[in-house]
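Labels run A, B, C and D following the written order; every chain starts at residue 1.
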Amino acid sequence: MADLLLHLALLLVVPPLLLGVIQKTKAWFAGRRGAPLLQPYFDLWKLLRKGAVYSRTTTWLFRAGPIVSLATALCAGLVLPLAAASSPLGFSGDVILFVGLLGLGRFFTMAAALDTGSSFEGMGASREAAFSAFAEPALLLCLAILCIPARSLSLGDALGALSSAPPGFSHPAYLAAALGLFAVLLAENSRIPVDDPTTHLELTMIHEGMVLDHGGPDLAFVLSGSAVKLFVVGALLVRVVLPPPAQSGLAGVGLLLVGQLGLAVGVGCVESMMARLRLPRVPQFLVGASVLAGIGLAALLYRGAP
Amino acid sequence: MTGYADFLLLVVLVIDLYIVATSRLASCVHASAFQGVALALLPLALWAPGYAGGVDPQVLHIALMSVGTLIVKALVIPQLVLRAIREANVRREVEPFVSLHLSVLIAALLVGVSFWMASVLVLPMPAPTTLLVPVAFATVLVGFLVLVSRKKAVTQVVGYLMLENGIFIFGQTLVRQIPFAVELGILLDLLVGVFVMGIAIHHISRAFDHIDTELLSALKD
Amino acid sequence: MVGTILFAIALLGLSALAAALLTRFDRASLTIGTTGSVIACVTGASGALASLVRRGSSALRGTWSLPLGEPHVAMDALSAFFLLCIFVVSGLAAVYASGYLPTYIGRRRLGPAVALFNLLVAAMAGLVIARDGILFLMNWEVMSFASFFLVTFENDREDVRRAGMSYLVASQFGVVFLFILFVLLGRSSGTYDFDRFAATGGLANACFLLAVVGFGSKAGFWPLHFWLPEAHPAAPSHVSALMSGVMIKLGIYGLLRTLTFLGPPAVWWSTVLLLLGAISGLAGIVHALAQRDLKRRLAYSSVENIGLIALGIGLGLLGQSRGNALVSFFGYSGALLHVLNHGLMKGLLFQGAGSVIHATGTRSLESLGGLYRKMPTTALSFLVGSVAISGLPPLNGFAGEWLIYVGAFHGAERLPTAGAVPALVALPVLALIGGLAAACFVATFGTVFLGLPRTEGVPRAHEAGLAMRSTMGIGSLLCVAIGLWPAGALRLVVPAVALVSEVPALASDATTPLFAISRAAFVLGLLVALLALLRRALLRGREVTQGVTWGCGYAAPDSRMQYTASSFVQPLLAPFAPITHVRVDEEGPSGYFPRDARYHEEIGDVGERFLVPGTRRVVHLLSQLRVIQQGRVQLYVVYIVATLVALLVFELMGAGK
Amino acid sequence: MLSLLVIVPAIFGVLALYSKDLRIDLVLLVGTALAHLLATAYLWTGESGPELDRLLELDVPGLLFLSITSVIFLSASLYTIPYILHGTHDKPAALQRFIPCLLWFLSAMTLVAVTQHLALMWAAVEGTTLASAPLVYFYRRRGALEATWKYLLVCSVGIALALLGTFFLGIAAAGSSVGASDLTLSGLSRAAPFMARPWLKAAFVLALVGYGTKMGLAPLHTWLPDTHSEAPSPVSALLSGALLNCAFLAILRFYQVCLASGDSQFARTLLIVLGMASLLLASAFMLSQRDYKRLFAYSSIENMGIMSVGMGLGGAASYGALLHAVNHSLCKAGLFFLAGNVLRSFGTTLARDVRGVLGRLPETGVLLLALFLAIGGVPPFGPFWSEFLIFQSALAGAHAWLGVLFVSLLGLAFLGMAGVLLPMLSGPGSIQERRSAESRLSVLPPLALASAALVMGLYIPSFLADALHRAAGMLGG
């Protein structure tokens, strides 16, 4: 029961901090002091206490969108083993449930966007649909790279097997998996090369475009949902790059947090240094990621499991 | 007696070639009538007394058959066809598909072919004359030639008659097997056949005011 | 047990006859037909369920005076499972029809439609319990023709007649292969009885290919599917729900039944099915995205789901041929569960589409929109159907696809490299198909039900009748039930899988994870409920107002500015442009004050590109033969003489002395 | 008894010729048809001995084809009543000699079925041609005249060859060591083993080409489409339903002699070759056919091809071929009656101008649909069984590709018919369309034939089944 509470605490408390770190890194790169590190928490607190304005064309689906996206993100988090070897909802075959939950969240966000009947939200939903369709194969192939050597379909065992392996990338396949996951992370959480979270020009938005009309608590749910998703996929990436030694308990958690912060700084650096890809190039970027993962798998199979 | 049979068969063969050569319809029909006469005499020449020893008990059968043939092939059918020609008041077979000279050459070739076929298909039982099979084949083949190469409906009927005559010659070899009633039936069929064709030609000439089968080709797919 | 099924078939036949006889009185024939089919479906479904749960199997053998075959019927696990699918979907479609058909009164006679519907269900049920080649073929043909006449129910429209013709060509093409298959099997085992059918070696390979083409043309595998997007939209909605829901699955049933005859599968069989499944899936969903017509999009999505089922069977064969029981169990069980799931989901979607078309009178996605307020029940059930068919977690679509995914994963892990590669290739394909399906169905749901109505015709829409709403409600409940409790659905599938893959049922490996999925679904539901309560609590004290959607300050937002079906899928289809045959007819704005601009995009399918020009060329070629019938008598006599001479020469010379 | 069957219709024909009142003619016609059917039914009960010193002799195949002819003739005569009383097609028609010719046609066909003397059989077949020629020229128009002329000439020339074949057979028998036997089937079969092979082969080829012309096998079929598109519907029904069978029976007689001679392989190959040619040609012509009566004519050619292939394959296929003879006659006669109804209501034989038959003529439409499915070989109807039997032997035989080609051509032909008939049935004829009243008698015969075809598909009566088996046994089954 203690693990569950720790797990939930991590999922609820830490994610906004990552956003703060990313913004602070970008500010440092730009030579600005930037907003305080806890700014996301203040935003959330402000939004939770505001009223809400709903468009006349919307139905209950518009209100359900943010709730479902946050719930699925949390549920995906519960499926993922953060610190301990096993996750609260883990089972053999939860890899597919993990991907499915992310898909469900996306489905309802897009439905909420279409509900408003605005062309900008439709544009965002259409782009999100296209890019996520190409991101799913990449994500699944990376997960396959993790599962096949561990001969098990549960994320817990797959990541657990990593920790028993020698540190660093014992096999090039894991490097491919890490890169693939990083690309998926950038695409899923609307970071720079795919989408710009801080843009104000609706025509260029993808993820932001879908949540234009949300305000008040709904916006808060949306923001925290995307933060949790960033945290969850980040945790997966960190567990691949820095596998914690077996039964490390709190030390594992510490290692995870350090890894997450490092990852946030990394994302901040990428955002500062790269410009956005042209929209038709994004599918090629994602197909590139899946091809990379595919090559990793081929290498894995060719030399046999390590 | 076989000499008479050979002579009659040669007459039939010559008439065949004559029908192919002539372009006047009336002379075609008259030639066909003469052929009928020759064929009527053939059974007598073939099976009359003196053949293979002893009087043949069926002399009555043979006599009756030759009389029947004479009446049908030499008298009734030519009259029918002549009546059809008169009503259609058409005189000559204008240019048929195959020019007359060429058709005579082809007829001669067909006679050659029929002699070759006779060598292949030898009569299994003793036959009174060796000429029977080749002349029969020749008449059949020339009948086909006339049927195919002429345009006028009447000439086609004459062609059909020659075809029947050729087959009739073959029938002579089976005098014993075919009872008289059946022989009569075959003759009757021929008679009624030509009668119906005559009526058809009469209607064609009234409906199309010509009897050229060239224009009788509206029905196509 | 097979007795109850025969009783159901008899009842269907009788009610069909009664409905046909009462053609003059539309209402009467409709009620008789519907009650007859509902009772029959309920008894049939309960019989099948009982047989599945009790794992019993019973057979009946009779004699008839006809020269071939014998009336031998039996019910084993595979038949029982498919019977369950048939009766559930047909029952729902029958009730739906009782609400949908009355709109045709005055335009078309209802008697034939109801009679043919019952006949079709009876033929399908008869097909599944037939255990004799001839009886099987008879039911197959009756099924094909009953469905053909149902497809051409509104045959006063030219496009419906053309669709009917393309369906007839496809079913005739398929039946030729089935005739050859059954005669080959019959010849090798001396009788047409299924129990004694067996084929090995070269004959087995030939029979496999014949079965794939013959049954594939009815199921809708890729090149053979050209009739499906024509026939299903042309049919009335309750018929397309039945055809898409269960009739094309009988192609799958036929394929599985043939596999049980052919003994241990060769290795390349699984590659063939995996390839067909992948192509059908991808091409199906890409073409579904490109459609502007609601029912055509659903028809293409059926092709995609048939592709998924074929992938499942391919994995099953892969496991069998490589001797890995786990992979074959997951492959087959995934395929069979997806048969049931797709039957329910697609039936639901077509019924939803039917009530939308019935209400608005148009099928084009470009002119619908904002129907949620006018048709809440239809919209809600369409939403459930869309989420399910996209294979997303809490609903039944996910359960089926989960099994296929696990089969592919196990294939990749446990099989030697040669076997692992096809399983590995299946993974990204499944993921891509899932992603595209989700995009397609959120687009469909969004453009039809959400946002603003795009044409003035839509506001006059009205909610569907009680009968239609109740069937959609039951359908949605079933989807949710299977989604929340997939382990129960697996219990129905396991006996059939054991029969097909001749492997001891490894139910335990599958049920525990499925219970975990139920638990995860429960946790998700809990989280959503908590957040909803939190949201209400937060907003209680606050001021909640209505406003206009944010239009970036544009003064006069118009409903035509919304994203339409074609604009939504444009970024999705761009990467697939090289493989899809796109015809664009556009006229851009020109001049300083452009007035009219036009953009119309048409995706040509294998039908238009190859088959229609192909058949036209063949017919033209054959019509060259007409020169034979020229009309001149002399020519005809020459034919006679020529034949005579030819045959004589052939006989006398050929045979030699 | 047998002689009565032949002579009575002839005599009634003469009576009808001289009776001025049309009603009496019709009564004579239907009366004769009924009497003929009753007599045939009586023949089914007991064995009847040969008559007229072996000129007339009835065996099982003969009885089979006699009963088909009798049933089809009765339905045609019933159909003729409304066909004539309600005023025929637009043109003035030769009523005077229609019914007498029908009766003579019946007696000629009966003679073909009843005799086993090959020369007499030839005379009977020639008799059928001569009796049916005036029937084809029923409407006074150019097309009918042209069709009659072609029918007369092509068939007479064809049958003349058959006579030559009969004589060749006689010569072969006379030449054999057994000595001259009369031209009856039993005599010839006794002499068969000792016949000279070339004469026997030439005889069979001549007979096959001769009677094949009359049967409508390709490429000798040229007269059939023209005749059917011009002849009145009851005559077309009789031609396709009964006459083609008689020609097929004539070929079977020669085939029996070949079987008796022990060297029947060449005959089988010929039958299969001509059968497949007919199938190919008929399917090709049906694909883009414009005239629905010609479409049914080509369907007859196709079905004759099926029967010839079936007989050529032997074994179970010959049983299938005979069964198909029964099935095809039932369906094709019904189809021609319905074509007559459609022609009378729509006034044109061009399929393009006919729409909404189901709306305007509901009974005819439903029956046309049922019989179209039946002739296409769809299961619940009879032809499915016979076609499947033949297909099964074709595929199981030495050349499997033959079976594949057979079933594909059947499918092609079915699609050809569907392409023409289905648009005719469907279309804008909705409920409000003026429903022209159809007389009882013009719908009863096709209804009876269609239900017979359905019964043949569900339950083959036992007496018919074992008669077919015995007949197939005699024909290499």
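The definition used in the following text is that a contact is a pair of C-beta atoms (placed from the backbone, for glycine too) under 8 Å apart; a residue touches a chain by one contact, two chains touch by 3 or more.
The model shown is predicted, which means the values in this text are computed figures rather than measured ones.
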Quick check on the contact network: minimum steps from chain B to chain D? 1
Counting C-beta pairs in contact, which chain pair has more, C-D or B-C? C-D
Tell me, please, which chain's centre (mean of its C-alpha atoms) is farthest from the centre of chain D? A
Rounded Å distance between chain C and chain D, as computed from the means of their C-alpha atoms: 44
What whole-number Å value describes the gap between the mean CA coordinates of chain A and chain B? 102
Mean-CA-position distance for chain D and chain A (Å): 79
Rounded to the nearest Å, the gap between Cα centres of chain B and chain C is 71
Per-residue multi-chain contacts in chain B, two or more chains: 120, 144, 147, 156, 213, 216-219, 221
Among the residues of chain A, which ones contact at least 2 other chains? none
On chain D, where are the residues touching two or more other chains? 149-150, 153, 157, 198, 202, 225, 285
Chain-to-chain touches, reported pairwise for every pair that qualifies: A-C, B-C, B-D, C-D
In their complex, what parts of chain A are in touch with chain C? 48-59, 61, 63-64, 67-68, 70-72, 74-75, 78-79, 89-97, 99-101, 103-104, 106-107, 110-111, 114-123, 125-127, 129-130, 132-137, 139-141, 144, 147-148, 151, 153, 202, 212-213, 216-218, 221, 279-280, 283-284, 287, 290, 294, 297, 301-302
Touching chain B in the complex, chain C uses residues 626, 628-634, 637-638, 641, 652
Can you check the complex and tell me which residues of chain C touch chain A? 369-370, 372-373, 383, 387, 390-394, 398, 401-402, 405-406, 409-410, 412-414, 417, 420-421, 424, 427-428, 430-432, 434-436, 438-439, 442-443, 445-447, 450-452, 512-513, 516-517, 519-520, 523-524, 527-528, 531-532, 534-535, 538-539, 542-552, 557, 559, 561-563, 567-572, 574-575
Chain D partner contacts - residues on chain C that touch it in the complex: 64-68, 106-109, 134, 137-138, 141-142, 145, 152, 155-156, 161, 164-165, 168-169, 172-173, 175-176, 179-180, 183-184, 186-187, 619, 622-623, 625-626, 628-629, 633, 635-637, 639-640, 642-644, 647-648, 651-652, 655, 657
Chain C-touching residues of chain D, taken from the complex the two chains share: 149-150, 153-154, 157-158, 161, 197-198, 201-202, 205-206, 208-209, 212-213, 219-220, 222-223, 225, 266, 270, 281, 283-285, 287-288, 316, 319-320, 323, 356, 373, 378-380, 384-385, 388-389, 391-392, 395-396, 403-404, 407-408, 411, 414-415, 418-419, 422-423, 426-431, 458-462, 465
